[in-house]
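What follows is a pair of complexes built around subunit A, which joins subunit B in one and subunit C in the other.
Entry: the complex of A and B
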């Protein structure tokens, strides 16, 4: 058995404790709150880095204790989990900075930052969960901690969106619960990576396992926003920009996508899942969602809504990559977990900056915005190129691997889907870029906030530039050791080892 | 039976609250409350000591006055009884603390309801007596004590709605008792004994036994508001004063369930069929769906919470189909018995904590607003953070989200359902959860919404909010000692047993 280590727990605590403390502060204790927030965020990035380095040296970290009766709480570090934890923690740090700037002077900031910390705790908990039960606990915790953020503005529209959000996610959670209990009863407490358990049961329990797979997949597909369970995502866009950025680009939707990755690779095992013909329906739904999300995005004038439908589409790349058997497509799926996150968060930051600085939330208002906010729109443009799949931005790498994987597996229709999606991505993103850079501004726009010589507040500007550059770097340096791609390749290699 | 160790605790658990209740009657208003609160704390601490005694020595008995049964009365405290008594003590202590502050805050306008205290102590004595009773007639007496004091508590406010609901409650309680007593008479007539342990051995299957089982079950179902006899509960529980609502929902209905469980598992095994288990499970399933749906449709907080009790009690009935095995299945091979029992016990305890907390929160809101229409809960988070948090936490446990006590109950129930292959109950459990989420989040949604017009939230003592929060947290904390708790329960005789049902053709399996 591996050595027990408190480090995985510390990674969770580094945001849980600041969150709890922030809850206890007064609303006006801003410096202390900001300090706690940043301390937690930096500590989390540092801890994840520390654990990553240790893991690379061959150390193993796990924290397991018996919660009650047959429920075991298990945190276990593996490469895939660390990959997701690194994404969450880095983007949390960036988004915390952004949120401090974005919400300056707003109401209920104590509540906001407390729940914000809780939801990152949940998302790193999902990343580091060692078994199905622990995953489920954090999956539900994520639902609860994000709800107050969705309704944060407190308007009727926000509250209504919160209701939709809850029906979807609680419904999905309930379905997942059914599957988790069923799996527990059939196969016992499965730790991620113990695919031999299902393999041993397949001859006797084939039907149950097939049904359970689809039950759990349905539960996960809600958060992963796979058609027809995606309805909550565009509606939730009423939340403040940092929430849309972190939650609806990274934490919540990735929890679903990551869950699907875990389910297929680390619970059932890709060979068994393929052998039982479980993957074809997933591929079909994912492919349809990719096209559907893009088509819907075409018709949105609301900037954040267009981004939301684009998220629906882009997320299913991950599911699609999972559904195709092969080293290359697995690499594509895993690497897209990170690539989609950094590109989409850049876009949401940019949208938030424009809305904060000039009050524009519609695409038709964006004429000439690039001249006023060159850095913001520059980062946005990089992300757009990535989404379309132009080299050398991160998104190109994902699509390249997915496409190669599809060819390798002989699924040529997937290549068609990818091409169609790229064309659609270009069709709904390029007009924004065109308006921003090449159209004359309609009227004289007056900034809503004074920001000195910068195009907007520094705290809003730095995050978008950082993530924009990250999107570029992830593509340019894809071949370098330690890049997301190299890690994704290692993960995929281990999965396909004989 | 008599070779079990004797202990004075069972006698204290009944005698002490009766004594203190009587004592408090000699005092005037404020004095009653002082004696009452002191008595509650004393009784609670005593109960926890008794629980400790049982964990140390195992099942203990007390023979009242030295008269051996069948002439005298024997009180028997086994692990199951000890757990119920312990739960009553913890929940009871916090409700008492709350009641003390709650009534004092209203003393000027209402007189502070001093009669609450003796009635509550009598009720507590009745509950302890019920958990400790070892014969059918004592159970009847304790049921009556509970029923009368509960009705009196329910009408304490003197409001018209409470009186109407209380009168109905009284009629129902009497009907239930009469049905139960009728069954007891039949049993006594055919066997000549009332002792539970003895009955378990001598009771023969036959028309009389079956009929007695039927009327006794009917009586208890009426008392625990099992579907279709649930109609009296929402008005009675919602119209009572907040601490009373909490007592009625968290503790009183559990008494009838406790007897039902004990009698089915220990006494009437010979007459129970697989179909009987399925039937009572069906009643539970309908209660889960119907009660949750009704709760979802209400517009006042206390009615939501009261209807929710109907649903949550339904989950309790759903363990019976798992405990009564299909013909041909032996108890040794049924690996779902332990999960089913665990589900039952956790549902009882988690609901007691969560529901008590919920009703106490409702009381706080009524105190602040003067009414409990949920529309007025807008911006509750802004005005009463702790109460909002208590509602959220208790609500999460009711829904059954991890890692709450309610989650433990649903996890075990679903596990039992899958292991036994009775998968048809699974959708009920899930639908119930979803509907519960529906009404809990309806409340939370409003709590986060901005106020339309300035609602006049009057200030409320912080200690009341803390009581509600502590109970809500309790519904989570009870998961932590699960291993010890279940191990302790398994050291008793009844926990984990199943009924091997009668084979077709009338022959019955051995016990």
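Entry: the complex of A and C
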């Protein structure tokens, strides 16, 4: 039934091989390492683009290998997976550039870039997994390959954060493992999209399936940072800026959110999940997390910590959209996977640039920074307006669909949650914008970097400008074919086809 | 093409003018040329376009009322842009101002030509948030406070607005703005949706009780920015209302009465409160609230039923046109007395006088036209208490005259410069005077339907004749002027505040702030309590910390870490793992 293709595997290998090779290089082989990194990143974007074009022509790509009886390792390309893979690969390319600039002259760069590559291998693996078991393998691989990145600086604080991170994610992984095994025992191997399997078992195994759903959801919720399992996220912002950017935009948290999307839409199926009333608890937790994260963000003076709590809040938009049944809210949830990614990565890049260039990490130090770093703060400001949900930035499109979806489903309380979140987002982000553009600097700041004519190093500046413009373009050109929104709409349409 | 230029040119102008080196004089010309497409669309009927690629599929078109307002907006931005060139020539933050000015201009034009919800909301937001930069421009503590209150109120407005739009789009099933009023007329929750919009746009309009940011923010901006804020941008809220209101389709008597009463409360209350002020610009801001009240009344009449939208909405737009041009004239005029000397001052006073007359509805100005329209609609509506309302309308002419003659008196106190004239200041102002005068006096803007409605069988000449000999419009204005002259002349009656305002601008904002501070104190206490509670507990997430703080667990994880720390080991491990996988898979 399937045509086997090596292409999905190649997508993974394009970052795995450079990662492994980098591990075998010496620390001082900088040009070769950089070359490998960029080669892998560009190759990955190219391959994903290639597969995308093929998929649009109607070709199917899958790669299936039997690990043991009934236990298959399957990579399969579907629209949702490609959507996530495209996000990962594009943002990885940008972040690689950023990381090269950021870590210039730093220590342990070999280790860093190797695991950086593994991390992306894992997240594209998650995107392209064809069944639950493969998903789980990559999910755990991701946990292990990000740990070295979190503790990269090697300070006590970093190691402690790494420990917290491991406790949470390994714990979550264990719970997920239980769920995956349970599901395997109950329903056999399930490929994504085969919702008829669960549908067939629903009459006989209703209780088991309900319990399994919540076990797996709990496991996934750790990475998706849903309250009360979000504690690791604000702590692990001690990681270097490119890591935080990747962690908060594509890799870890997105893996959790993407897992929830897969679980509800492609394992249980939205109709069954709705019938069994599995979604209401998810909606409630997600809604609470949205408000809770925003309230906590209000009280942080540390720039990256405020961003981290904002991620906690914004991620739950995805879960909330999944939990509401309807074409519009599904579109909102799926498109927010990408929109949140590009906006949040812009913010972390900006925070990293400021910290690298002037050494500021507190929001109270940011007075007048807009004058000195206009491009960085310009991109940041765009992202802020997106987070609040103001048009024409990407975040508006997500929020528009989520809000309309909530009204369509008659869940008016969700609209109130969205409004509260918008107001809180404004309350904790606009003061940063205000300080940057409308306050006079307290003291004459001397840049730590001699950056020549640009406001900071070119390799730090280009990524933030690119992702800032992407956030804007994803909103302004939302109706164009090929935009994140148009793909999300197609995904949702297929899901709700009778 | 022209539709896109309308939006794109101001944006380009924003960037271009902001990057001009100091001392160049081009700013004014750049802004004027950026308004050309908008002026063209205001004058010439062009069929609408759709932009499939823009946002959630954009549509741009105009109808009669919005075209009138677009013309007004174009004229005001052109005049203010030209004025900016000379007014801010030596300002250190000229570049920044130009940026926000251009962006707000793009937003203002964009929202007027948008025919569908998403782009309308986009440009509305663009205008709202760009004008923050105009309000805060001087960076004085009072401007900062005004800007803060402005942005808080703007966000509250946006939240109400987006809710109204969610519900409206859901009930109409279409993104087109034109589909909303019929859908609201049908929907059972139509009045509720309209009420949300009434609040959301009411912030911008300065409707009671949402206006208190306005007397702070409008005067805080530099004169040309105040002119567009109070003349053009304030009308954006009105346009929003007109997009939602199912005029002629429904009989929402309580909603109608609510709007009419709030409108009259604003028309009279704001004018009277404004009398206690000493800053001419604050004075004008209160006058704006008062005039927007009259427009609120007009729209409110429409919701009572009986008057078709084709008549009422253009009439409201005409009223807005007249008020907008005159108000911008006066706001820019506040910058003149300190700059204009010699015999040019005669021209200045004459222009200011015409502006005041036009707002008060005096003869020989466009104001009479528009006041006449209000009277006609109010007189013919079946609204209960229409007679009383007519009386209130006349009374509002008296209070407006009082307020604005006091404004003239306040301007009068500003010393004339000893040097000579700078015509650069007078040119845009005179152009605005002429443009505003021409279009409000001639019936060029009137749609034929409305024209025949008001002239009845008498014909246009008789109507004109009546208009210029309508002395009944004169007595309220004369009364107001005489009272003001009298109180100023005789020291015993002259109790007008001279240095400090009798009551603080922003009136009941101060009560809100007082209550807010109290609430904030309580909240702070609660939060600090909660915080100390959190510190001892840290919620469920602390369980993990406790586990990880435990000695034994830390030992275990430390040894695990030391193992993992051998990166070479880990890297090679990964490599071997995937190599075997790969070989097996082959």
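The rule is short, and it goes like this: the second predicted complex is superposed on the first by the 497 of 498 C-alpha atoms of A that agree within 3 Å, B and C clash if a C-alpha of one lies under 4 Å from a C-alpha of the other, contacts with A are read in each partner's own complex, and residues count from 1 in each chain.
Heads up, the rule we're going with is that contacts are C-beta pairs under 8 Å (C-beta built on N, C-alpha and C of every residue); 3 or more make two chains touch, one makes a residue touch a chain.
Note that the structure is predicted; figures quoted are calculated from it, not measured.
By the document's definition of touching, of the two partners only subunit C reaches A:415; subunit B does not.
Within the superposed three-chain model, A:71 lies in touch with subunit B and out of touch with subunit C [touch as defined at top]. Of the two partners subunit B and subunit C, more subunit A residues are in touch with C.
Of the two partner chains, subunit C is the only one touched by A:475; subunit B is not.
Looking at the shared chain after the overlay, A:182 reaches subunit B, while subunit C stays out of its contact range.
Of the two partner chains, subunit B is the only one touched by A:140; subunit C is not.
When the two structures are aligned on the shared chain, A:174 is found in touch with subunit B, with no touch to subunit C. Once chain A of one complex is fitted onto chain A of the other, the partner contacts of A:156 are limited to subunit B, with no touch recorded for subunit C. Of the two partner chains, subunit C is the only one that A:407 touches; subunit B does not reach it. Of the residues of subunit A, those at positions 111, 147-148, 159, 162-163, 166-167, 171 touch subunit B in one of the two structures and subunit C in the other. The residues of subunit A lying in touch with subunit C in their complex are 9, 16, 19-20, 23-24, 63, 65, 73, 111, 114, 118, 145, 147-148, 159, 162-164, 166-168, 171, 228-232, 299, 385, 389-392, 396-397, 400, 403-404, 406-408, 415, 419, 422-423, 426, 430, 438, 440, 475-480, 485. Within the complex, the subunit C residues that touch subunit A are 52-58, 118, 121-122, 125, 129, 136, 139, 144, 147, 151, 155-156, 158-159, 162-163, 166-167, 169-170, 527, 539-542, 544-545, 547-548, 554, 557, 561, 564, 567-568, 570-572, 574-575, 578, 581, 584-585.
Residue ranges of subunit B in contact with subunit A, taken from their complex: 342, 379, 381, 396, 399, 401-403, 408, 410-412, 414-415, 418-419, 426, 430, 433-434, 437-438, 441, 444-445, 448-450, 479-480, 482-483, 486. Against subunit B, in their complex, subunit A makes its touches with residues 66-69, 71, 111, 136-137, 140-141, 144, 147-148, 151, 154-156, 159, 162-163, 166-167, 170-171, 173-175, 177-178, 181-182, 184-186.
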